[in-house]
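Take a look at the structures below.
One chain, subunit A, appears in both complexes that follow, with subunit B as partner in the first and subunit C in the second.
Moving on, here comes the complex of A and B:
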């Protein structure tokens, strides 16, 4: 299994950290509340373990906004919320409107998708910037279900997801007042990781 | 890029693309990195009212001067600069672009609900594709959903309010038998909060003594079948272990398609009602003072046992108890004391019966006990134990102490017992007999059949005795009464009677005398004896035969109280011209005492014509001495019961001695009966008794021999 050096991990974490800084600023603006960020975790795990790890952190039933990307390297960026907390978040965003039901309506799903989009864009924008737009992003998609279902990747981007490791990059943010925790996760397969590793080396001028 | 116009006949791919873009049902705008509009399709023209000619080449902020959305411009920058797509939702950005459902009416109400998507198009230059989607219908759906949800919520709230304000407990489950609702009454009755009980299996929360209920619920879920016996008298166990009596009902919850989606269980606390019912039931079968069963219960149990006995071989017994000295306690200490005594005795009695036995207070100071599956000998032992226990019991009240007795009548219950009424009256009769026999006794009732047989025998005796009187089928016997003083040569004999049966055998007096007494035939027998003895004496005197100087004839109580008999005797004496002093009559102490005044008249009259009197069986009654002074008799016959054991028993010896002494003090001569041997004879001589009679001297013998001569001469010789 491929391994990233400690420096590469740190560099990647730092890049995302910059992006999350921007993301949390826009989220904070939207909900009128301070957002706390955790230190990013970079791990390379077999796919199954990656799913378990997410499931442990977020919960079995999750709500997700996904943006797939391809180009210099490829993979999926997911913003995950525990099911009930996604409701809390939408409530916080749509201040004046009370939500009477226990599931998100079509329009509310759309609103949540936008929020995820803003956060993911802010976060991934830094990557895109560094790699000089050698990355293409798809429009964000809302999904909901069990952790393993939500994390299922397209065959196109992941050839042998069960045997090969995936890069799992996790970062938490929390809104203290509305009691919402979100999890940013990057999933990449082995080839994509190797490409990323190369890109990082180029960017940091062989320093990593 | 050509201007916007519908091309109906596209010639190349560019014209084709133009056609498709303009036919699209979404808004399509293309802007370059300077935000200059490059594409403005027909949908946008229709929604904004701005022609492509105006829009293309211009910028969004110029075309829509009212547009202030920073978010939109930031999103365009993201696309242009970083290639990052964006989505702008209707919820967070209402009416981003000033687009209308119809451009003829540009009012706020007519604004189009829209969702905007932006994405980069990588070509020679950097473009941003803006797609606008009309989401009016989704907004309408959302609105409808919101209203429906609100209605549903209101209804739900309404139902919950109703359910929480009713007095019954309600629990509903889903088809898996898991709880999905319970009202506050159900919470307090089960001791579970809804929060904790939710999604738990019903049987974990609704814990009842009968498993019947749970299986019924399963049946109800599976086939909507509710057993008719369901819900009666169940006991619910609360979370803390307490139990309450409940009554429940069950129904399936079905949806519109009649498919079962759950079960509703309604139950209520019936502890109070059941307690009340229990109390009523208890009172119906119990005596409130003693807490024992009452007469109703006793009768019904007896009825059941009598019926059961008919079909089985099981034996039982019925005991009827009547307290002996209860009235004394009640009269001297009051009813409070009487009640207390009854309570104490009830406890005492309770300790003597088995669990299956029925002990009841039948009224006043009467109790009944039904001993089921209990042979008569055991029943008698139980009764005797009870009698003894009560006899030994002392009842203390203030400074007094009372002894109580009980008279117990017993009747056997068997397959021959015919009715409860007859059993009860038999038990009552037996109890009465026990009382009659001197109280503090146990009396066993003799079944009717044997009594009838005895009566049948007595009836036969009646005709046999009458027959014997008519046909002279009696026979006279005699026993010597010998003087113990050797100087006294007086020979006394006692006349005895026997009956001769048809086959010539001799019937002893014990067999027919009781029947003769019962049927009033004793005075006839006495007369027969008197007439025959007198006539025999007269014949012997006429023939100048030797005869003893003194004949003792027994007189019954009946004769003693009969004035005509007295006249008969006097007439017979003169008819046969019997010498004075030759005839003596023996009367028993009992006969004399029960007819004291007529006995006195009788004795006085006959003594005046030269007859003598003996008091028979003296000492058998305790009050003998007191009456002795009032009876002018000549001889005392000491009861044989004292005499026969006097050699071995010092008390009997002393009795004989004192009776003899008293007799002599009163100037009476004494006669000892049952003198069976020489030792007794010697003892009597020592004491100084005057006469002796018994097997030790001679056995009774036939007065008239086969050859018609009197038997005296031989005796004289002997």
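Moving on, here comes the complex of A and C:
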């Protein structure tokens, strides 16, 4: 299985940190409270282990917004919430709208999709700007279910290559007042990982 | 005095709801037209005189910048903003080239107020 050097891992973690910093500023603007961030986790794992790792963090049942991206590197970006926490976030988001709880529940899917879109775009957009490479995003998709179902790929990208491992970039964020924890996860296949390593090398002038 | 008309194009109903709410807080008498994608926008703005527009970038069908080009031809005097989560410099640069104001999501009252008073 392909390996990243300690320096490459460090560089990826730092870039994710910058991307997530931007994303958390957007989230904070939306809910009007401070967002706490974890340290970034960077791992290359067999696909099944990657799913297990996400499941251990987020829980077996999750709510997710997924956005696939392509360009100089490619993969899937997911914003994951433990099953019972997504409505809390929607409530915080729409707190000034004075909507009854039935309407809030109805709007949950739509609101989360838009939150996911903003957070994932902020994170990936800052990576794209750092590398000076354009990325194209698919429309955000909402899903809900078991962690393995939600992470399952409907395209060639990860499924065909799961033996070679996937790059898993993960960072957790939490809203203390609203009591919501979310997980931003980037999954990339081996070819994309190599393309990303090339970008890292260009960006750090060959030092990484 | 004739009131202005504002076109809001966004595939997210939530975003449209918030933009509309913030616009009406500043300009309660403005006419607001909502559209959920580019095609819907072009259909709904026929026969209208649009003064202000907010256009999302990532939507089903044509993207927001393609729509901005078409809207600019139809309404050369209108103030157009690209209101998007896509913060890539390449998108901002293309918006600049088209004379479209770039506004980063999330939607806030201040951002909408600044736009409609620009």
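Assume the second predicted complex is superposed on the first by the 192 of 208 C-alpha atoms of A that agree within 3 Å, B and C clash if a C-alpha of one lies under 4 Å from a C-alpha of the other, contacts with A are read in each partner's own complex, and residues count from 1 in each chain.
By our rule, a residue touches a chain if its C-beta (ideal position, glycine included) is under 8 Å from a C-beta of that chain, and two chains touch if they have at least 3 such contacts.
Everything numeric here is computed off the predicted structure, so don't read it as measured data.
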Quiz item: Quick one: subunit B and subunit C on subunit A, clash or fit?
Solution: clash
Quiz item: Who does A:106 touch here: subunit B (first), subunit C (second), both, or neither?
Solution: first
Quiz item: Does subunit B (first) or subunit C (second) touch A:129, or do both, or does neither?
Solution: both
Quiz item: Which of the two partners, first being subunit B and second being subunit C, lies in contact with A:22: first, second, both, or neither?
Solution: second
Practice problem: Considering only the touch criterion stated at the top, classify A:51 as touching first (subunit B), second (subunit C), both, or neither. | Solution: neither
Quiz item: Just subunit B (first), just subunit C (second), both, or neither: which does A:167 touch?
Solution: neither
Quiz item: Once the shared chain is lined up, is A:62 touching subunit B (first), subunit C (second), both, or neither of them?
Solution: neither
Quiz item: So, does A:117 touch the first partner subunit B, the second partner subunit C, both, or neither?
Solution: both
Self-check item: Location of subunit B clashes with subunit C - one stretch out of 75-83, 435-443 or 597-605
Solution: 75-83
Quiz item: For subunit A, which residues lie in the overlap of the subunit B contacts and the subunit C contacts?
Solution: 30, 107, 110-111, 113-114, 117-118, 121, 125, 128-129, 135, 137, 139
Quiz prompt | Footprint of subunit C on subunit A - complex, ascending | solution = 22, 26, 29-30, 97, 107, 110-111, 113-114, 117-118, 120-122, 125-126, 128-129, 132, 134-135, 137, 139
Quiz item: If you look only at subunit B, which of its residues touch subunit A in the complex?
Solution: 78, 82-93, 115, 117, 119-120, 122, 135, 138-139, 141-142, 145-146, 149-150, 153
Quiz item: For subunit C, which residues are in contact with subunit A within the complex?
Solution: 11-15, 17, 21, 58-60, 84-90, 104-106, 108
Quiz prompt | Sites on subunit A touched by subunit B in the complex | solution = 30, 67, 93-94, 100-101, 105-108, 110-111, 113-115, 117-118, 121, 124-125, 128-129, 133, 135-140
